[in-house]
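Look at the two complexes coming up: chain A is in both, with chain B in one and chain C in the other.
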Partner chain A sequence: MNSLARQAHPFTAGTVTLALVALALVFPTAAETVVLYGVTIVIALLAGAGAGVRRGLVAVLPIWILLFILKCVLGDGPRMAAPWGGTLSQPGVEWALSQGSRLAVIATASLAFASIFDPHRFLQAAIARRWPFGAAFLLVATLDAADRLGEQAHQLREAQRTRGVRVTGSMATRVRAFPALMFPLLLASLTEADDRALALETRGLMIQGPRTAVDPPTDRVIDRVVRWLALTCVICVVIWRVRS
Partner chain B sequence: MRFATRGLHVRYPVQEQWAVHDVSVEMVPGQVTWLTGALGSGTSTLLLALAGLAPRLTGGSRTGTVTADDVDVATISPLSHGIAYLGPSPALQISGISKSVHDEIAVGPMNLGMPREACLQATQGALHRLGVEHLADRAPNALSGGETQRVLIAALLATAPIAWLLDEPFSALDRASTVRVQRLLRELADDGGAVVVACDDANIMLDVADRLLVMHRGRIALDGNPRELLAGDAMHALGAGSTDAAELARDAGVTAPRPVDRAALLELVASRGVRGH
Partner chain C sequence: MNHTLRISPRLFALVPAAVAINLVVGTIVKELSLPVFLDTVGTVLVAVLAGWRAGALVGTVSQLLLGLLTGYQYLPFVVIQWLLSLLASFAANRRGFTKLWRTVLWGIAAGACCGAVSSVISYYFFGGITGGGVSWVVTGLRSLGASQPMAVFVGSSSTDILDKGIVIVVVGFVLRSLPRRILGRFPMAARAVGK
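Right after this comes the complex of A and B.
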């Protein structure tokens, strides 16, 4: 609870995440994107979002493997010696590194943000700033949806197991179990939409008009400095890219 | 708040039959109105219609009128007009935007734009009145069914509604919590609130309700004093249950009017000279 992210203003984590994603898209070469991935990991760990780093790695690992095979091993162009013997495509390695680390930055920054995101604090901050509540709630609901879906999938898997459906084991077993998990999950998600509408209506979340920030997070000087720093960084890199 | 329906019909999508069929009724402030009936009799749908949620959220269609203080409920947001609705599955009404029960209870006052101090006072007051202070720091989605039910009632209470529409509010409560909520409903009505409760448990509602509406196939079949209706045969004929005492008396061959509570049943037993072995 005392991690940097928990202490920081909710907008600070969001701004840093957006800045990292923007930089990943703007940086042109492998050297820059690889360093940026390293920086992203350090920031995430400092912020107490180690889970996001792990999830990011799991998400991009299959893509890295695919890029390695398609671009490095099977790629065209001049060849370079591989450390384990054989050769790799030099432009393919550069391309795979730049694109792979670019994706890794986007995935890690986003998942790290999601792992530390506190919907209540974010909404309190949005209300205190008089942001449109609908837009803020949409962001919260979207981030919350992933958790809810994961929870439902877990419950469904357990329910199917009690009915004798084999849902773990070899890849073939998992593939066979897929329809038995996927279709009920899809139907449950559709029903959930109706239930959510009821919750929104009965709890006053659809009411138009001013709301009260009951517990507005403190916007410290350090938060404002970090946000401006992140923004300045992105602007500088964009200007550098446009000029070069 | 006075609820009134005139020739109300409500139908769900793809259904041919009306879930609520030609209901014209008034529910007045200061009373606990108890809705009951056999499964599928239309009590839940009537509550949804009174809250303006059916057919707006449920889909389907409605004919006739439903008004709250002469305003068509279909045109209003329930909470901002002082109408609290508790559905039969409270877990589905958790807002999803709070990390703690305290924050969850503060959601309503926050959305109503109550001043900050009033929000905090209302939250504390509701936590205390429902006896859920010890849950204040717990995550709302990690509560048991009974805890969720109490927290949701507290969350609605914090918005200071003037009308309560409650669908099976005791379904997951233990004995102590049931007594607390019974007392709360009575106090809300005594303070001038309009309280409408759909409940299948006659034992719980007997001492709370001022008026009983028994529904059958979407229509209001009986309307009257709870004790008088529970003591008679009409409810049984409609598939609605009475109290344990009345059912026991029926099984023992006692004819209507039967005793509806334990004390009256014991008195009857004593007067007939029945003795245990």
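Right after this comes the complex of A and C.
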């Protein structure tokens, strides 16, 4: 799928995400953060990152439930009537709305960004911009390592199950399965890292100087305009917050 | 204590592996439905192998990558990764991984420190509601009549003592079973296990 966000320069999506997170932290009241959550959802859907909205909802749903119980039902302060009977803490409801929507903005923005994040394009953009190669390499190498190790963990679990290790059942059974699944994985990854270090050294990872991006993403005028707009928006809100 | 962080090829290879360990061990624990996180094993391992700065780097990258999977609302907890890295490195310098009982004591101490800081972050950034298992402990304590700060402190401290304690004990086992070929390349780790 060639969505709007995937066509954009990798730094544009990152800047918009950071701007939304910053705004969520700066806005003080529930009304503002709830509106910002709506704006975040609209931006994510327009950019073709609907998966991020769904995953964001799944991430914050348990927090909303706990906020409701702890702050609205068990909270202190003056009480207000609940629509279904009984009472709720008034300051608790305001705090829960504000905190719940703030966390929802942060989760939705970051998960929407994750759903369209392309490590290869990011690395190319970072090299083209002369960012420190080490930082960009660490990010991409880590994503690669996480995928590889996840696959190893899966294979290891299947292998241990064929040897009779039970991964379901009582707590004691599951605790006993843990070392059998984890220790081989840890030792294998450390040994592999040792071999990989030699490979990185022989391929000139430590050589200083500028590198050439093979396929740098295009930084269009619209990308630059969006990034500057996002930055201006955050600066304006911070100034408004400081002055009010 | 090792105060300098030289990004060597070995560290470039070790950091992604350690971050992957953090993410994958966290996933294994979740699949086994164990009541802990154990998502700092890689951080502690690198802190003991290559110093606290390297461990803090692993913790930071882990937290940033975890944000891509679960959202960046938990980013303030990166401080716990830094603190744990510092404590693990300190324990390694004090030969805290030579015997099981020493490792257990260091694990409890590190867990208590992390729990105290975690409860402050949890209370001030999230009002004590982070959405994980700790929040259900806090809810239970609140319904029994405990004040919010007390419930958050007890909930965070008890879970962190268990979680970080197990992490340090696990790393101790791994260090003691590492082949000499690898251990020999990390003098700090060799000292930590008394070899």
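One rule holds in what follows: the second predicted complex is superposed on the first by the 173 of 244 C-alpha atoms of A that agree within 3 Å, B and C clash if a C-alpha of one lies under 4 Å from a C-alpha of the other, contacts with A are read in each partner's own complex, and residues count from 1 in each chain.
Everything that follows uses one rule, which is that a residue touches a chain if its C-beta (ideal position, glycine included) is under 8 Å from a C-beta of that chain, and two chains touch if they have at least 3 such contacts.
Owing to the predicted nature of the structure, the values given are computational and were not obtained by experimental measurement.
The larger set of touched chain A residues comes from C, when the choice is between chain B and chain C. By the document's definition of touching, of the two partners only chain C reaches A:L103; chain B does not.
Applying the stated contact rule after C-alpha superposition, one finds that A:I127 touches chain B and leaves chain C untouched.
In the superposition on chain A, contact is made by A:I207 with chain B only, not with chain C.
When the two structures are aligned on the shared chain, A:D118 is found in touch with chain B, with no touch to chain C. In the superposition on chain A, contact is made by A:L138 with chain C only, not with chain B. Legend: residue contacts after superposition of the two complexes on their common chain; A:D194 is shown touching both chain B and chain C. By the touch criterion defined above, A:R176 reaches neither chain B nor chain C. Legend: residue contacts after superposition of the two complexes on their common chain; A:A146 is shown touching chain C, with no touch to chain B.
Residue overlap on chain A between its contacts with chain B in one complex and with chain C in the other: 137, 141, 144, 148, 194, 196-198, 201, 205-206. Residues 51, 53, 57-58, 77-80, 84-87, 89, 92-100, 103, 106-116, 119-120, 123, 155, 159 of chain B are the ones that touch chain A when the two sit in their complex.
By the touch rule above, chain A contacts chain C in their complex via residues 21, 56, 59-60, 62-63, 66-67, 69-71, 74, 95, 99, 103, 106-111, 113-114, 117, 134, 137-139, 141-146, 148-150, 153, 157, 167, 171, 174-175, 177-179, 181-183, 185-187, 189-194, 196-198, 200-201, 205-206.
Interface of chain C with chain A (complex): residues 7-10, 12-17, 19-21, 23-25, 27-29, 31-34, 41, 45, 61, 64-65, 67-73, 126-131, 135-136, 138-139, 142-143, 148, 170, 173-174, 177-179, 181-182, 185. Across the interface of their complex, chain B is touched by residues 118-121, 123, 127, 137, 140-141, 144, 148, 194-199, 201-207, 209-215 of chain A.
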